[in-house]
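Chain naming follows the written order as A, B, C, D, E and F, and within any one chain the residues start at number 1.
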Amino acid sequence: MATDAQMQQVAELEVEMMSDMYRRMTNACQAKCIATAFKESELTKGEAVCLDRCVAKYLDVHEKLGKRLTNMSQGDEAALQKIAQQ
Amino acid sequence: MATDAQMQQVAELEVEMMSDMYRRMTNACQAKCIATAFKESELTKGEAVCLDRCVAKYLDVHEKLGKRLTNMSQGDEAALQKIAQQ
Amino acid sequence: MATDAQMQQVAELEVEMMSDMYRRMTNACQAKCIATAFKESELTKGEAVCLDRCVAKYLDVHEKLGKRLTNMSQGDEAALQKIAQQ
Amino acid sequence: MASEQNIQTFRDFLTQYNLVAEQCFTSCVNEFGSRTVNAKEESCANNCLDKFLKMTQRVSQRFQEHQLLNAQANGAAM
Amino acid sequence: MASEQNIQTFRDFLTQYNLVAEQCFTSCVNEFGSRTVNAKEESCANNCLDKFLKMTQRVSQRFQEHQLLNAQANGAAM
Amino acid sequence: MASEQNIQTFRDFLTQYNLVAEQCFTSCVNEFGSRTVNAKEESCANNCLDKFLKMTQRVSQRFQEHQLLNAQANGAAM
């Protein structure tokens, strides 16, 4: 069985990876949606709507590829379970 | 009051962040000033002057935005002071 | 003489730097060789051959510049030896 | 107390500051005929900072809503 | 045992996952008229993931061959 | 003694080496008809390395001058 210390390591890793994903998503959606001329300080209506949709689509793609990757990489999934079970 | 260990943590963070800023500045000024054909091994006069001005302007923008950000984000500034005072 | 702990630190640094180089090489060769339209899931013959040559050329450039850098930067080399000898 | 948590929050704040300054410099400063930032560049950089903060706030809200919906769908109070 | 080694392997796996998802999103999703991923975008993202895995595998093979040749040239069983 | 300081200096040196090699490869090698680096590519990469070192040295000098002026303006020997 996993000790408390091991469970906490896995939990910390999940937070770290969520935060890495969030940083990448923000960068990607900024690049897709925000004009770089900066003529005004407000988000335009178009930019705001684009950001909303970009976040939704990013999370969808991230999740879909995660499922695909988990199905494929049995080895890595086994490694994952190995960690989780101890 | 801040203990010595706490003061040192904040000091180390300042060095780390200065070094992060320096790395970003070098990248930015390289992209702005250095031609990528690399026909000669010397900095041209134009590249050298561009680098000097780029460093001056980068530090100026960095500082101006820092002041603006500090004025805006009272919450974060409070957090900063909270750390610094203990 | 270098203690075991110091030898291990240097060995860990070498692994870390090899892994950093490998990551950069993969990124560079992906950018040079892989089309971003993703119309098929297989590597094309052209992409595969390009990757093979890209890896060979990347490692060659990396090594050549390493030699040049070592010859130039006597100070840094001295620092290296200082570490290695203790 | 300058806890690990506070230090990490402060580090995140400073990293964001360095990031936005780099981005706004790169987007707004393209003229190196002098060593002083001109009025147009400064206005651009200020707008860039303001917009960056509004962007990160909006992205954060949408992300939190998504997390909340996910947690509800899983029947958990995560 | 959830050794340091296992944790690091898992971290590397998740970092690669985050990286490929970012790259495939950036390459494949360019239309923000709706909030749902369309069939063309999904097909592109799937191909992108498959190709990424084949690319990393090929690069890894070539790198290992190079390391092996180097080790032999040095007369060592490195 | 292989102090923390020495290890960090060595790490910084190697990271810069990896960075400049990546940049010079990306700028200089664009032809993959063969697996050997040609004379033009090698000359470009050598120039790229030399120029990189001169650039970082110049940027470093300007930054130190700025820090010094700041310290003097604050009346401190920082």
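Following the convention adopted for this analysis, contacts are C-beta pairs under 8 Å (C-beta built on N, C-alpha and C of every residue); 3 or more make two chains touch, one makes a residue touch a chain.
Since the model is a prediction, treat every value here as computed from it, not as a measurement.
J.: Between B-F and A-E, flag the pair that has more C-beta pairs in contact.
T.: Looking at B-F and A-E side by side, A-E shows more C-beta contacts.
J.: Farthest chain from chain C, comparing Cα centres?
T.: Max centre-to-centre separation from chain C belongs to D.
J.: Would you mind pulling out the distance in Å between where the CA atoms of chain B average out and where those of chain D do?
T.: Roughly 15 Å, centre to centre.
J.: Between chain A and chain C, what distance separates the C-alpha centroids? Give it in angstrom.
T.: 28
J.: I need the residues of chain C touching at least two other chains; which ones are they?
T.: Each of 25, 33, 52, 56 in chain C touches at least two other chains.
J.: For chain E, write out the residues touching at least two other chains, lowest number first.
T.: Those would be 24, 28, 45-46.
J.: Round the ring, starting at chain C and heading to chain F first, what is the chain order?
T.: Following the touches around from chain C to chain F and onward: C, F, B, D, A, E.
J.: Using the touch definition from the top, list the residues of chain A that touch chain E in their complex.
T.: 2-3, 6, 9-10, 13, 16-17, 20-21, 24-25, 27-28, 31-33, 49-50, 52-54, 56-58, 60-62, 64-66, 68-69, 72-73, 76, 79-80, 82-83, 86
J.: Which of the residues in chain E come into contact with chain A in the complex?
T.: Interface residues on chain E, with respect to chain A: 1-2, 6-7, 9-11, 13-15, 17-22, 24-26, 28-30, 32-37, 41-42, 45-46, 49, 53.
J.: Using the touch definition up top, name the residues of chain C that touch chain E in the complex.
T.: Residues of chain C touching chain E: 22, 25-26, 29-30, 33-34, 36-43, 47-48, 51-52, 55-56, 59.
J.: Going by the contact rule at the top, pick out the chain F residues touching chain B in the complex.
T.: That would be residues 24, 27-28, 44-48, 50-52, 54-56, 58-59, 62-63, 66 of chain F.
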